[in-house]
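Consider the two complexes below, in which chain A is the common component and chain B and chain C are the respective partners.
And now, the complex of A and B:
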């Protein structure tokens, strides 16, 4: 990899369509090094807001359900319609993603040929919740680079679901035929936030089972809170052998995207506030353990006071000494 | 329940052997209300340090393995030897503990008759990790009340294990015959920290299986770090029909307690430091969300800045404004 570009130049290049610059910018926002965070901040200062925000679709489901296949077909369909599509995908060689090295080469082979598509495999840890904020930052970069449709793939565990719900404008849950049984508690969070539910592999021998699974979902009591006031969630059967099934989901998602448009600024804003507070907490916790006053108090407490004091009041007093109360 | 006693009086009474006062004091330290925390702090200020610290034994294992039965027999044995025994036990009627209401009355029926024993059922949530600090505070109160041997029973899930390892001087893991299979990953943390491992119900039809299970544990590769330099973990078979088996474990535990004595002040100290920092973090997080400066920054970020800034640098700057750097 050549020398690091200055952040401003990286910002300009990615906004001119330079795919390498976009990839390097995403790597930068995934970094936890302080110098990279400073550089990323400067890069962001040079991003122009697009005329209209991109649409962000989260796609979730257990390993093997057919996410890559669907993204390949659906993404290609979007490109055919004139969209520019970015995919923030799970790295299939990561042990936690459930993918195989052999599958690597054939994951999104149609879409990867398109000039108007950008596919970024991220380490599973990025998507799995450690760097949730990096995902939304990456989406912002793709938006600035001109991709109007951004797909965020997650691996189907509780933690990544929670954050994709925050980052995405809508969530599509893919389920295996027979995958409706029990609606396990661990998956319930996933199901509650899905704006679209589709049963994959609904063809041949599995067709009947797929339809049965769809019925289970359609009839299950649901804690789904519609993200858009006038829209309930929709249910779909998907088969890669049936382009009409993909087109049908696509139409539904496009309709959602239209309805979502006026809401997006508020959604982005809420997400930004939430991320800011999360980063605040995380940074405070790091600082706590290294702050001289707190270290001194912790050691004083540990050496003598603990036999005669509980930590609660002392901790609160320490924090009161520690925080300034300026209201600005 | 009669009127609340002033904290100082509660402290005096419990140290004079008043069991009701001890129970009320434990309830106080379990409370999360600020006024109770202040009262608890004052109570603690009036506790005298005992001549020698109590010994704290954590007893862990899956529901049904025989913890209550063992505690009943073992605790009675300790009372016979002249100890004063406190048991911080899981409330059997709590849905998460796996106990039954019918079993309630027969849980520790020998021990509950002893004047020199104090049994405190705590809500499972207390033991399960929400109030880990309350457990160590309760142990401290029992110590001040003159109980020289404190048993802390946990329910056998990952979270409660981690904190009983911190609070207790030693951990005894009870396992079912046949319970060695696979040494499930979820239980591995439990096993790594057990200073004693005993297979229960090692009599009659289950004897052979119990012995086989013991062999599996004895021969399994282990990540156990000895808590005491000169002492490896020990393995035992237990049968409630065989008092000698209980006496044998008891002898081992007593030997451990002797060796542990000079280390206990340092262990308590480390635990106190760790608890202080945990409470600091928890309190800071609560404060973050309600602090006027942080709220103002979060809202400014959400309304305008987020399109052009990442939260990391801004959060760090906010914290710098927020924390005073006085080294005392």
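And now, the complex of A and C:
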């Protein structure tokens, strides 16, 4: 296949289940080039809406908690049940070099061998429009290519936790035994949005600690608002040595997915709204930063004004001036 | 497993031991605990070291011929190298091993192959060392049955089985089962051998592969001794007396180019081991004395100007001798590019004979005894090693530490740092990063027709399967599975029954795999180790700038998939390259270990990478890289560039290039140069 396939043909091949076309299309939506973004737009115009929406599960947790190991077993289980599974994994990029190590398939050894699975790691930094935007576009591409179960894996730190909430239909939070310590602080945002919480590595010497950690989570006060009426969140213990523990989580998730079906059109539209607003934010910031007036003001402030002024009022005045100029 | 005893109270300088007044700066006498100055009182004056060359060439017949030639040429013990499918428990006809049969060692599928390998070699009088860790049960059983059918009882056998599985999870990756099951196998082998083959060493705890993967001398010491302690525990769990066990353990060290450090390393190893065992209550002097085999470093050999390697090997051999090794393998000058040719093997053997006969190496008991410099190095190495052992101890023992990646991370960091120092010519290597000479005559090397070897093995397997009593095979394999499940019966004993019935290596391994499962390692790669080992200099910055320009014009960073195909588990190079390219600003995908060309092709397409980097150290590239190129072309992915790095003989370059490989990086390649070359080849469109 030529690298620069016309968007319409790419859309057709992708919808026929061509993995290579799907891979190319994801590259296109992640690209920072304007011509690629235009092509991606055209591609989306040729996508038919799927008969039934895919289910999107966000999986998040600290590095080393066992996300990929879980996905390997869980995804293989889904394939066995006849699902077509796509995994979109977001790996951090180095702030100094900009590069990244995308090692997820080394941990998804079994799943990566399945024909009905598609695994695509993406470096966080290339996603200029914000993580959620490219990921949700990639999820839509996977959906169009016939994948009905989409797993979005992120490192549960910083901004990505919010983004995963924005693109997923449900969120599974994985925690390590002893990982309840930060319950009150840093992980709060994540915990409030998790529809499933599972403590990993619950075997051998760590079993007792895992049980204790699960109790802490079960009893901790939480601002969780159930996404589905009449369904509270569930708590689980996971051991990779015990297939039944994975099966029990997957039964809960399947039940959730079934109940979610009638709500999904509404969720998709909420997701689209937040997607649009995020792109607006990003675009605005980029435009503003590169605007000559703003750059001139920033220079002026940096060279002289900062000794006698604060930036707040000045910033507002500058923006007003910019908007007035545009309006005229 | 019980944690190893706490060492916090074990100050190296103060420990009291018998026969010594117990200070490190008074290391006692050769032959007396703590044996710092040598395990035997008269050392080489009465008993020179054993000249033991490691060899294995594709087929049993070829290797047998080499062995007989070596024995006639002055060699005093045999050492067998097996091919990778044998290590990993696959028969030669398994679909995952098409590129690996007969590469890097001899293919052994059944007792019949082992009989051909040992044909005409009197096993009651020849000590045989076997480098086998993964498929240790079938290989050892084949050896024992071969002796039995030669009329030699197990009791009369002497030699060593490497049987050191823990280091495989750290560096070399030729394991089959998960760590706990593997350590159980080690324990049961120790139990059977101590009861039935008391002259056979049941384990050779190996630091060699750690050194070759980039470990520092202190890391090599610490992790090897910590593994040794884990095996002592495993043997105890299998009911073997600890003293008997320690008496049958031996160690295996690498000898690199840091001559004085290597001399001190072997001494520190003996001193530390005696002290560690003493802490466990071992008192017999024979058990406390660490005995070892050494091999000169293959990693230190260069592809450029290969005759220099004779000099390197000689110096490394001398440090082994001055450190008091019990046996020694000297590498051949061509091992940076291929398996040794007959001529190269002869020179390496003669290196040892010259040391023995023409120098005064055997005239003195301990020429380095009393050197202040050596003493200081021993203390420094021992102190650092004890700290590393304590870290393993604190993690809950070696199996847990390995599962958390503690030793792996330390070794990888050391390897990346070392690579950077060489690339900056901070560490000098003559002919590589200084005093470079162009137009060096290529040396004649050994090439292996892998397809022919495989076809021959496949035919032999078919013949064995056709002529055996299948009922008996099924019964013996079922008994083995039963023992694996219940823990009743000895696994080696039952494997011997299966071997007698002519069960194949793959069938035996599969039977155990059904119970134990096959281990999948998580490949850990670090960023920052290469680029971060010093402040990013102009050179790294230049690569990063070029990568940034690429990203600006292509809409994304250059994306590289680093993969290994076939059963070669040496992943130091792949990891260093992956980490360094991420430090250069590439997006780097890392494939799981042991891939087939189909799997690599799929990952490259799914991840839409610009370039695939194949790391190859065991010769499988000859078969597998052309297969990958065909697959890429057939999938319409001819735009994906392929580069190959590792041990690639010059004679393979043309074939790889005509298959479409755009660059080949041999040992000694500088990583920033590699990055520029890769960028040169990326389609700028």
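We take it that the second predicted complex is superposed on the first by the 256 of 328 C-alpha atoms of A that agree within 3 Å, B and C clash if a C-alpha of one lies under 4 Å from a C-alpha of the other, contacts with A are read in each partner's own complex, and residues count from 1 in each chain.
As a working rule, a residue touches a chain if its C-beta (ideal position, glycine included) is under 8 Å from a C-beta of that chain, and two chains touch if they have at least 3 such contacts.
Since the structure is predicted, the reported quantities are computational estimates derived from the model, not experimental observations.
Judged by the touch definition given at the top, the superposed model places A:251 against neither chain B nor chain C.
Touch criterion met: A:205 reaches chain C, while chain B stays clear of it. Contact with chain B, but none with chain C, is seen for A:313 once the two complexes are overlaid on the shared chain. Note on chain A: of its two partners chain C and chain B, the one contacting more of its residues is B. Of the two partner chains placed around the shared chain by superposition, neither chain B nor chain C is touched by A:220.
Shared contact residues of chain A, touching chain B in one structure and chain C in the other, are absent. By the touch rule above, chain B contacts chain A in their complex via residues 29, 37-38, 40-41, 44-45, 47, 49, 133, 137, 140, 268-270, 272-273, 275-281, 283-285, 287-289, 291-294, 296-299, 301-303, 306-316, 318-319, 321-328. In the complex of the two chains, the chain A residues touching chain C come out as 1-4, 19-20, 23-24, 26-27, 30-33, 36, 69, 93-94, 96-103, 105-107, 109-110, 112-113, 118-121, 123, 126, 205.
For chain C in complex with chain A, the residues that touch the partner chain are 396, 520, 522-525, 527-528, 531, 536, 544, 547-548, 551-552, 554-557, 578-579, 581-593, 599, 602-603, 605-608, 635-637, 639, 683, 685.
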